[in-house]
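Take a look at the structure below.
A, B and C label the chains in the order they appear, each numbered from 1.
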């Protein structure tokens, strides 16, 4: 530290900016040419899209059909149930997230308030600002107070339950019953909410963006048992089990989801007793489950491979039974390691739910975006771009945010770096 | 500079012969962190300069600036009369004249030892294949591993890899060699073989700047020792003076920690 | 010591690991078999009760539908329709894979470019496209671009008089008056010449050190030999023209083929770009620094040091993207492109039994996937061999 401040510490701003431009845009003749060409292209596209969004686009088609696009033909008198479910799920998610972070704090893995509230808010804005912004944008498209109340309720529920969860998590686990009760709650709440919704509107009538979100969630949850079993089967030394798993995984992975959906559309009823008449939504969810299980199996297999051999050997030497070796030692580590990959699979299923609209004729968000342009008021006006931009935007915000979160998790778990 | 040992140690410009490398008031920032502050150093032709200092003191950054692996933010760097600027032509010219040896060897794993050595002469200097290979063989003999020419880097020990890396740099007939902690990633028993090669080079009259923690090498081979701390050159002097009669407190502290 | 080996050490079968393993397997197998049997039984009962055939006899029946753009009459058998569908799937997949690879590599490298404008533009492209459902992109290209933004056939857009763009189809110039076979021979000759020239140039380069530029020499030879040969044989270029409601002359590009191709390429390229970027970034920084320190130029560094190593990492995920593209091409069925899925859908709609018809289509896809993975594995092994 002798004379570190003797000379001007930082070169003057102007020359720094010039140096930056020189280094990053005009390093050589070719470089400058590319800057000009692609800069022009980029500016042109930017201006074109900005003009479309703010000037030329006729967003009234989205405004008029807002409800249809989001929840399909869900009866208006039962919209309240959706609002209740959203608020409840916000509370549910907040509770889990809070509990996990509380546990981490207690274990000394992270600190409750290492950074000030300003930094925390900045962090949250960076991560979820996009979702929040689009929610506000959509609220502006509505004309009743209900959605505003719902969003306010969801925000309040998230914050409160996050705090409650963190408080619960930070407490030393007094009785195991508390933990068990929490786990039970985690599984029971969605189930109860499902029955609450299905009680009002049968599953077959779940449409719009609601279908896309719920079908993806259902598919990824339902495929879990099958996927894990297939992964274990493929890794097992038992030839018969291995063969069954390999055949299933490779056949499904070689098949296009779209063709499977078409097949389910015309023939699922042949494979169940005649008394059961599966609705379109059920067909879609069954196909998603069967399809995703094969991919999940491969992901879990990767996770199983990432667990060091010594773990299983240590479990064996402790005298655990083969079942307990897997269930208590190997599988939890494997599943934890592949959480980012599982999120990736969920994103891809989320996007693929649009195929159900085309293959089965379910009025999902994308199908809705096509159908509304044929309404008498809008037919022949060529407003398909407006509706597609809206639909695409919702999918994009969802999967972009999730993929960024999964990258964050990947960095934090320290996996995927080799 | 025979054995008069006065205030010359603080003078960073002292060197012998004509100047080949010149750093004037060089600054380097990583964001707002000042990695190098007002570095002044002149290196003479055929001189061996050893740079030592605690980790994070900017030693590596300094020699990485000399062949533009890092861009300096202020000041001037001249190599053999060519100034490093934003001009790609100057940068390439300087890189042709400077060889660099890395801590992690950085051999190209997909190329054989022979191809590693001949790649740059053939691509950059447009040397015919046969000539390049003959030169490579003689260089491999110089670093004492001619029998490894056909192998791939993954099949060699660390010491052998580093010697191939030295041969690879020499193949461009550089006027200056930069060594960035060449022995830090090696197992102890392999350090000697690499240092031997470097000593041979120094005796052969190569201009060298060596960042290292090997004090024995500094004592034995260096014409001058440069001590850096906190991004600045604290002290410069001949090995005898440096090790036996350091002037600055910072230097004394460092020497007491490592010796 | 040896007492445990005596007959007294016989393990009761219900504790014998070997027996248990098989019992467990047979148990699982029995469950799987029972489920399959149940499904099969339901299928038999249900099809019989509604009188639907379960055999593949429908393949011999006449199709009763038309395939536009193909020489196909409704009297032909279903199996011939399947062949056309399969060829169409392969056509769009092969062209799509080639184009998506080129575009994806360019964008992936662009993302790592030191040029700020290029890297930002590539990043926006990748992040935007990758997070959209393919079907949204496809719908956009079909309904928003081809049917809406492209001119109607009456006022088709014909740049230079060489190309035709309209919402009824596109036309590209194509060769004429020379048989495909002689053209093939010309190409073979040109490529042979390329190979010979490349060998010669590399020999010269080895001898003198001059840059080989084999691609330049060989490519020029190929173009010159094909063009002159074709002119000598009396070939002409057939330019597309608008003839009433149709595009005639040249080679016509179906709007549905165009739309599906564009959507598949745009979508897959964004994923390939990510793979390329990831593989290049996975190469240790020191590799690029060592190449720079040896005064290799930016291109030489990329071509000789970075790309060969990145290729090795990129091949398996790249193969996955190719498989995805093939499977995703089935979406074409929703947009009037006669790929194998569409053919199946139509023939089922015309009364062919659904389960056998779709099973056949699925078998084709699985076979295509297997063939592709064989190629990928070969490539994988080749690049591994170079390594060590």
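Going forward, a residue touches a chain if its C-beta (ideal position, glycine included) is under 8 Å from a C-beta of that chain, and two chains touch if they have at least 3 such contacts.
If you're wondering where the values come from, they're calculated on a predicted model, not measured in any experiment.
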Chain contact topology (line, ring, star, complete or other): complete
Selected pair, greater C-beta contact count between A-B and B-C: B-C
Averaged-CA centre spacing for the pair subunit C and subunit A, given as whole angstrom: 28
Centre distance in Å when subunit B and subunit C are each reduced to the mean of their C-alpha atoms: 50
Subunit A-subunit B separation of Cα centroids, rounded to whole Å: 51
Sequence positions of subunit B contacting 2 or more other chains: none
Residue numbers of subunit A (touch at least two other chains): 23, 27
Touching residues on subunit B, where the partner in the complex is subunit A: 25, 27, 29, 32, 34, 37-38, 71, 73-74, 86, 88, 230-232, 234, 250
In the complex with subunit A, residue positions of subunit C that touch it: 21, 24-26, 28-29, 32, 39, 42-43, 45-47, 49, 52, 114-118, 120-121, 124, 127-128, 130-136, 139-140, 143-144, 148, 282, 323, 327-328, 330-331, 333-334, 341, 344-345, 348, 354-355, 358, 361-362, 365-366, 369-370
Residue ranges of subunit A touching subunit B (in the complex, touch as defined): 1-4, 6-7, 9-11, 16, 19, 22-23, 27-28
Subunit B partner contacts - residues on subunit C that touch it in the complex: 205-211, 284, 286-287, 289-297, 300, 304-305, 308-309, 312, 386-388
Of subunit A, residues touching subunit C in the complex: 23-25, 27, 31, 34-35, 38-39, 41-42, 233, 238-241, 244, 250-251, 253-260, 262-263, 266-267, 269-274, 347, 351-352, 354-355, 357-359, 366, 369-370, 382, 384-385, 388, 391-392, 395-396, 399-400, 403, 418
